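As structure tokens, here come the structures.
Here subunit A shows up in two complexes: once beside subunit B, once beside subunit C.
Our next item is the complex of A and B:
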């Protein structure tokens, strides 16, 4: 009985192996090619690799640490700011074309949808940079406020929708 | 690259052993004769009743509830937490994740704690209660230990030392087509994956086979109709038509 089991198992193993080898491909992962490229570039490839490795694992820890420093400690620095991430990783609006976090090509959404991880950041924070000219940025803010029902806070003296309250 | 090929082959073999092993064991369970009519009474009188009984048994651990409340609490906590955790892990194997799997993510995350707590409770039960300790085999403790370590290494990855889950997902999706994508070399991930592969490999020869086994329990899956319908297995019927007696067959 057991030898029969062994023979069935080994023949199935062989079959799977043959099917596998025939379908063997070294295509690069689909998801990598879908992720939007950042606007700025690192000086060296090593810096880029290190940034990727660190951020893919720990971006949320950075953001939460930053939040705790800012909200509880009142320490507001440029380091690890979500706005900094967004400004480089999400293209600024061009005319009517605005990349939102609900779009699959949004830098964050591409991976988050793939890995089935929910993003709560953009219920309050802006999911794309301001328009380049400050004149249009104000207009953009106004329209965004209408859309999202949020109030712009100009206390940072920048026309930013990042620091807003509902 | 060595890491990903090693784990790639390991998971292929483990999956084959798991699936084929369970199929073979179920085949054996199917063939084993159930010569006696022995449903535990009060038992259902109809086939539909047996379905209901089985459903209550599998989803609510009904007979366990009536016999052992402590084990029932720990058992049901562990099994449902495990179900949520398995659903949560489905995201690593689907290119486009289903909505259910999306919804279950946060629940599966915290179910991890429940599972480990329940497992530690089950282990303490086997250590602290004399009568249970007396009938505890090494394999009982081993299975609990294995599951606890899997749970702890998984929770550590979620809440303490993260890993690159994108890389992990790419690795597992790639395995389908035998393309070995790199795995992140994080110690907790390596421990987690090794233990899971071990669990898959020993599953078909372990006590965990109670999962399919419950459906083959004659005390649970039989209709209580011995008077209405004579319980006669196929081999016994064959002997009867040849006018032979089973006891005489044994003497030969």
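Our next item is the complex of A and C:
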């Protein structure tokens, strides 16, 4: 009796697994094309690849580590700053067009929706940069970016708000 | 004498730059100060030294060598603090909660009207978190979310706040409020959200960047911001000469916010 139960359960599990895998296979190339392009560019391709590899796997660790440094120590450097991530990966509001984390084209949401992982950050943190006129300390950010080897690239910034058709 | 002490402090800072203190360098610097110390005292104005002491490098942790404080002269606040309240709202993006009622509204800073019963004399003063040395809100917090930073700024670590509102009960100044509704479009430097307690944080993001709090910039003639531990700072000098009133001084909380004119 028990063995019959086991076999039924295992076959069901296998079925669910197969469906899941086939879903992944179809989805993942599309996800890549849906992700909004970053505003700034790294100096070299190596830096870009290293940044992607590190952040894809460990962005949450970086953010959590920095959050305590900022909260208790008042350290507000550009490195691992959530505000820094948002400033580069989410376009600033243009007129009425504001990209929020509830929109599918939001940088964070694209993957989080696919992986079905809830983001709690944006219940409190701003999910998009300030409007250009109300933004302060922009010059400050630019000087900090230099230290990280990030430079603003005008040719990409114009197209950064565009999202590939889904 | 005070100038000479300042020179010694500068020497220590220079020696610590590289991490390891080079003994040769230390001896050299000591000899330089020894020779030119008297001349330097005469040439360096106290104001310049004060400026140097207040700047914190962005990647350095805050220390208890400084304690930030405010001194509010309410006789010089012609509007009773309205400009301060507006500046705070703009800086931190509170005050337009659509669904909250009057009792639930956020109040990081508010104008309080005090009327003396006998004379009928009316005083208006802005009241916010008083940044107590021995803060009751920090004492009662069950998770450690209500905290005092090393430099004396009392604030809420919203990452670990569970929204129990015990700190709101404990605060004698009614300085804290609770967010009752889902918020969007927060200011990037001032995260706020539903389900956690919030209060004045002395514009901690501005202080870390070497700037003054928003309310101080809105009423520069009436509010002094500075380091209470630094005897040479403007706020310490003013407090030493004329004193300053704490609200509910009887509680012995040693507040970081002091008033003139109440």
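Throughout what follows, the second predicted complex is superposed on the first by the 105 of 166 C-alpha atoms of A that agree within 3 Å, B and C clash if a C-alpha of one lies under 4 Å from a C-alpha of the other, contacts with A are read in each partner's own complex, and residues count from 1 in each chain.
We take it that a residue touches a chain if its C-beta (ideal position, glycine included) is under 8 Å from a C-beta of that chain, and two chains touch if they have at least 3 such contacts.
Keep in mind it's a predicted model, so treat the numbers as computed, not measured.
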### subunit B versus subunit C as contact partner of A:83, first or second or both or neither
second
### Query
Should A:61 be classified as contacting the first partner (subunit B), the second (subunit C), both, or neither?
first
#### Entry: Partner chain in contact with A:99 - subunit B first, subunit C second, else both or neither
neither
### Message
Please report the subunit A residues shared by its interface with subunit B and its interface with subunit C.
### Response
none
### Task
Show which residues of subunit C lie in contact with subunit A when the two form their complex.
56, 58-62, 147, 149, 151, 157-159, 182-189, 191-196, 204-205, 207-209
### Summary
subunit B contacts subunit A in the complex at 12, 16, 20, 24, 91, 95, 97, 101-102, 105-106, 162-167, 169-170, 173-174, 177-179, 181, 184
### Task
Note which residues of subunit A are touching subunit B in the complex, please.
5, 8-9, 12-13, 16, 20-21, 23-27, 29-32, 53, 56-58, 61, 111, 113-118
### Query
Which positions of subunit A touch subunit C when the two form their complex?
67, 69, 71-77, 83, 86-87, 98, 100, 123-126, 128-130, 137, 140, 144
